[in-house]
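Some structures are shown below for you to check.
Both complexes shown next keep chain A, but they swap its partner, so chain B is in the first and chain C is in the second.
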Partner chain A sequence: MSKGRNALLGIGGLGGLVVAMVVMLADQPDATQASAGEHVLVITQADGDQGLLAPFAHRRNGLGYLYTSYVFDSLVGQDAHGKVAPALAESWQELDGGLAYDIRLRQNAQWHDGVPVTAADVAFTFSYLSSHPYPFATVEGIASVTVISDTQIHLTLKQRDASFLSHTLMALPILPEHVYADQARPERFTGLDAATGSGPYSLISYDKVQGRYLLQRNRDYYDGAPRYEQLALVRMAPDRAIEAMRADEVDIVSDLPMDRVEYAKKQGLNVVTALGNHPVRLVFNSGGSLSDRNLRRGIAYGIDRQALVKIVHRGDAVIAETGYLQRGSPWFSVQSHPRNYAYDPEEAAVLFETSGWQSDDGVWQAGGRPVQLRLITDKRHAQMATVIADQLERLGIGIALRVLERGALQERIASGDYDLRLSSSSAMGDPNGLRDRVLGDNWRSDRYADHQGDIGAVLDAQARALDAVERKAILARFQTLYAEELPAYMLTNPYLATAYSNRVHPYYLPDGVAIGIPLALPKSVFLASPPLAGQ
Partner chain B sequence: MAFRASEAGHRKGDWRWWAALIALLSAVTFAGLFTSEPYRTSTDVLMPPSTQHWLGTNAVGQDVWTGLLLAAPNTVVIAFTSAFLALAIAVFFAMASAVGVPLVRAGILRTVDMFQTIPAILFLLLVAAWVQPGMLGIVLIIGLSAWQDDVRVIRAAVLRESTRENVQYVRHQGGSWLYCAIHHLIPAVWPLLVSLYLQATRHAVMKTAGLAFLGLTDPRLLTWGGMMQGAMDHLYGDAWRWLLVPPAVCLAMFLYLVLSLGKIAERQSMARSSVGP
Partner chain C sequence: MSFGLLTAVPKAGGHAQIPELLRGFATRLAVFLLLLALTFALPRLLPGDPVELLHSSDLMRELTAAEEQQLYRSMGLEGSWLDQFAGYMAAVLQGNLGYSIQHGAAVSQLLAHALPWTGLLILGAMPIALLIGVTAGIEAGRCPHGPFDLIATGLMTCLSSVPPFAWAILLVLVFGVMWPILPPAGAQSVMPPHGAVQRAIDIAWHAVLPMLSLALHEVARFYFLCRGEAVGLSSRPFIVNARARGLGGLRERIHYYGRNLLPAVLARLSDSVTGLVGTVVFVEIVFSYPGLGGLIYDAIGDRDYVLLQGAVLWLAAFVLLMNWLLDAVVSVLARRG
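Up next, the complex of A and B:
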């Protein structure tokens, strides 16, 4: 009897413990609650943890980079229009026709721990990054670094680099020598001190599980104390974030889905939209089964992109430009597109026949067997993939569609085990990134088999063209070649939206933030006075 | 005598029920084969029900009514067969572990433990990395990944039943365990099997929908479960009314049919055992 009662008590106690734990978990302090104080700006996004906000620890994506840029400044920044502007470098001078630079640093820049930022830190950064490569920019082009004084540094380059300022110096975070000098494996350096930067905000807490960051304003920031006392970067699904913003708990929903824009506006929220210039593209396995460009062109003619815009994006997108760069990019050329691949099934049929496919009762055959193409994608583009598969099957091409987890997708791409795949990446930022995006072997890139070497040659040439007009002309040639050769077929360019409260005014930059990030959160949004372009 | 007559009548009536239910099920299953409407994407996205689209259209402009008809054969065949497979494996192992020698019992139960601890999703991901299954493959995968939870439940019932006099009597008379299983144990645990089967069917329907998201199957493989999963993105608007409700109703009706068939089968087996040979 007493045994039974003990057991009963035990169960009751266990139940009580569970209830207490649930209550405790539910009672966890919520970063959104902090916004009740007027100094904290709460920013939400739905994506998960971005890693510690330090150059070698953040996740290798645009959002991780962007958040880290609030903590780490580069030599060169962007003004409120996205143009090159002074940051840690107060001014610079181009010498020897672009083969050398004299850079003068700010007198009053400090690391978050109070140590002054000096030319020695800059020199250290370049030498450190040459042995610990940074994924978003490389120092390979730098031949020598000479420290002239605490605030002056002289750089020489191996060859002219049109994007040295607008890409290399803008993308590279400057590291504190006194923190990083002893770090042989920076990717394992994940204490909060790894996030000692010189940016407008310092990281004061980071919750990896929740993907939450609390950033404190750097009062000694060289451009004046930033506008907001604290930034809370919080993971939250957009629907919940909209409701939280109505309750005045959130200030920026940085990834408002376009189909919620009307609803958000009805709720009295401010919304800014812009073309994302982050087009969805159909990448062809140009090194394998679709090495014949006429097949690629035929498939392009067989896809009705207007229908994709209407069905997949409900009209909240435009048909993408086929030369990789999109309208809005300063390097975009209208005249450079001989082929816009307007939907034309008859043209598609002609091209398929040119490549040796035969149509048998509406079904395309190659070598006597029905054509069956493997289309792979991730969950994000599943709907787009379904519509494309449907369109191509209507054209008479069999499609085997697979929606894969990221790991499996990367493996399939690496092994070339596909014919078509859907991908999306930024078409913004300095054109220096194009080489990697088109010819690189990254799983997101086109991995184009450039047998002729044409595209590679043009991309090399534009990298050496210091004159903007000349560079634009060469990039026009690139766009023509891209549209002709079709490493990938640009499908749609969706709009993006950000909702915001009256306490802040986020804006999209025409060519994206730094490396081309399509978010309305450049760090100038949080500064008291955004930097001015020029030197 | 009167008792026997009424049971016999019941039995006859049951056969009519059987026929009617199976006819209905086949009709539902194969109606899709006779629809001429292609299941195409169109720019008529998320249209509410109208004369043109009886049950409206989904997020990529496909007609929901056509989808329901085309999804029926896949859903019914996959659910029926994979649930049957899972249950057959479970019954076999439950019987073997209930009546087998200690070594067999321990072997089976430890295997079950192992399968219960390792999440089925790992197994599915592993399979996904190696094969791209067709219809039969999907049935096998679902069947083979869903039997372990039922073994202990059935085993407990079988253990209880095996101590009854009828079973003990048959054993004394030299009846084999196989004979006992077929004539005594399975009929005795039949209601349990029906409910487990129903549960397995329901799981199979939803699992098929999930397979597409593991990259195992073409996401265009139409099933009611898949249609319901697709509808989940539209809970915030009105569209769930024509995207979620129709496949959910179909699924509910299908499960009800399965349940009815199970009940009839149960009544028949009871009638048979009470009428005697």
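Up next, the complex of A and C:
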């Protein structure tokens, strides 16, 4: 045979190989197959794969948690307004002034494999989570667990905990003892059986490569069969998802960018918007160069937040509240803000002078040298950082802006090598998270150096205040302190949007889903009748 | 990248072949071990802490020191670099590439799922590049400075001066958005059709644009190679003679040009495979194609050292092996003359 023919054969062979590969890929058994229509509700999200929908296997973020919450129920859930509502626990009773709880479980709750959910599973979950730490909540506060009967359990706490129901019991997924008992390393337990929960939907297929999940309704769900036969959770960029929704292939675009809202409405799609309550904030290095609160206040007065809303968000945001918690949160107090830091460059100048800075021909000097502050942020906030740098430079403060990749940013924050940093974080969920978010050592937190201990004391007090009115009053004090001390300056609170078809009606909860997730996809959206607030 | 054998023409005799092949293999093995050490060290030199980045959602509670320690241990990040490297090498020798906590899956399983998609693009791009590049190159080289040569060389110069990822974006824009006849992203429809045949068509349909953008750059490389060689051949007596006898058509192109271009094309192929593997990473990211590219890209962002090490290890082994095999073929062909 000639070489020329050999070469052609070679190319032909390669082609054949390609065809064989296509056929092989098409034949993958785990490919999620479904078609939109009567039975399947299709939900899109641009983010990639969230991992297997099991408590220890999903990606450690809000979306992974939310998807997993469709498969795993907790003892306590949320009603359609976000209030604490019965879930696996039918009712509960607070005893001993909040140091103990009697919990009564549903009679008819079942795991997806048909085994009944019992008090032993609940006791198992608490003991399992104490030896296998769960990143979204901790069982550390529980002193003892006593199983009284198949459906009754008695818990005692080490100390009073105002967030025990609204955070701990709501956040912790209950695990099936018969599935998890012999799993020594649950983060490596990633077969489909790891997703055996008691929630309204069960996971029937998961295609990791495509980031696609198919969930089947749990007909035996204790609250009645859920509304949709199947849920398909798929990865898709919003622009494409809008087009797919026009073609009736998609039912919910859960992350519609605000600049697409008008377009989506013009295409005849339904859109719901809400304040995200994940404000963008300017965090001060309060333990280092900006330990003087008058400097922090001066910078706050020198930033025109209305301009940020207009320029950066094109109007799709509001000026954020300065006391950390935002409007919409049940714990927000209107009266608690003596300072709202309305743009006032003269007030800024007065405060800088009080702190010993001198203005020399419009340029602020400290110790005889021009002030130069290091501002760091990531790509997401690059535009806002540029505008802020511009505003502060006009004020006479030199800014060295660095837009860093995530890992580099984390290292800079951990080493304290910055003066200002721009980031956004959740102001949602039970206030029990505030301690970590304000005083924590974590790189996402304010890392506030609470020298007086005031903020720490207030946060401790609210954590013990079982009475909601009392707790709200203490949190009002926190908001005042936060606005006064200014660990970070809350800048803007952007809106979020979700587009949806006529087959479903998603809604945002005022304080976020469960642990504070800002998506319009609480599981009550997919139930036949949303649970009613308990007790 | 080419390692010695490509240019080293064997001196004489058929017996020299085996030791030479072995030497080639040993060189590549050394390169592989060096890469292994590099992919272990380089990610660790990046700023950022894997555990902190894993726990970057503010919805999570702060971990206690003991919990953090436990995580470092389970991610194979406990102890000094030397300890970690020893542990890593021991595991690799046992065929265990480790476990990615970020993905909640074994690295080998992640790679096994991603590799067929990447392989599909590379294997699909190669025949496209070969077929277009070689035939156009022969056609242009047959009559240098003829009308076909002028147009084709002009076009190929444009083609080769634009990097593949830019082609990818351009193709998405033209065929995916402005004139939407091909799917602009992904490897399958959101809801893959029922039936294996329909699914295979669906996959092939989605692979067209990424394959094309991957192939385009290589097309130009093969074109220039073949045109140059063909121009040289056109003035050789046996071709001049054949043409004078009235030879033309496919026979002239395949038997007279094609046969004589084969060693050069094969030699370029081993280089081409390396180039394609490097390029496919970018093409996959542009098309959100679920192959190794996206996996590596995310692993860098997440500081997923284990996955990064595993992915580079596989890619390096693949490239070096292909390089060795193709070079061996070339040296055999060169010996035959």
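Simple rule for what comes next: the second predicted complex is superposed on the first by the 503 of 535 C-alpha atoms of A that agree within 3 Å, B and C clash if a C-alpha of one lies under 4 Å from a C-alpha of the other, contacts with A are read in each partner's own complex, and residues count from 1 in each chain.
In this text, contacts are C-beta pairs under 8 Å (C-beta built on N, C-alpha and C of every residue); 3 or more make two chains touch, one makes a residue touch a chain.
Source: prediction; values computed, not measured.
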Report task. Figure out whether A:Arg314 sits in contact with chain B (first) or chain C (second), or with both, or with neither. Result -> first
Requested in this report: Check whether A:Gly62 is in contact with chain B, with chain C, with both or with neither, and answer first, second, both or neither.
Outcome: second
Query raised in the report: Does chain B (first) or chain C (second) touch A:Ala408, or do both, or does neither?
Result: both
Report task. Pick one for A:Ala389: touches chain B only (first), chain C only (second), both, or neither. Result -> first
Report summary line: Per residue count on chain A, the busier partner among chain B and chain C is C
Query raised in the report: Which holds for A:Ala400: it touches chain B only (first), chain C only (second), both, or neither?
Result: first
Query raised in the report: Touching A:Ile515 in the superposition: chain B (first), chain C (second), both, neither?
Result: second
Query raised in the report: Which residues would you name on chain A as touching chain B in one complex and chain C in the other?
Result: 405, 408
Requested in this report: Spell out the part of chain B that touches chain A in their complex, as residue ranges.
Outcome: 40-43, 45, 59-61, 125, 128-129, 132, 212-215, 218-220, 236
**Report entry** chain C residues touching chain A - in the complex, by the definition given at the top
**Finding:** 46-49, 52-64, 67, 70, 74, 99, 101-105, 110, 113-114, 116-117, 119-120, 123-124, 126-127, 130-131, 184-188, 190-194, 196-197, 199-200, 202-204, 207, 254-255, 258-259, 262, 265, 288, 290, 294, 298, 301, 303
Report summary line: Per the touch rule above, chain A residues touching chain C in the complex are 2-8, 11, 14-15, 17-18, 21-27, 31-36, 40, 42, 44, 48-49, 51-52, 56-62, 65, 133, 135-138, 185, 187-188, 190, 208-210, 212, 232, 234, 236-237, 240, 244, 249-250, 405-412, 414, 425-426, 429, 433, 436-437, 440-445, 515-517
**Report entry** List of chain A residues in touch with chain B within their complex
**Finding:** 239, 307, 310-312, 314, 379, 382-383, 385-387, 389-391, 394, 400-405, 408
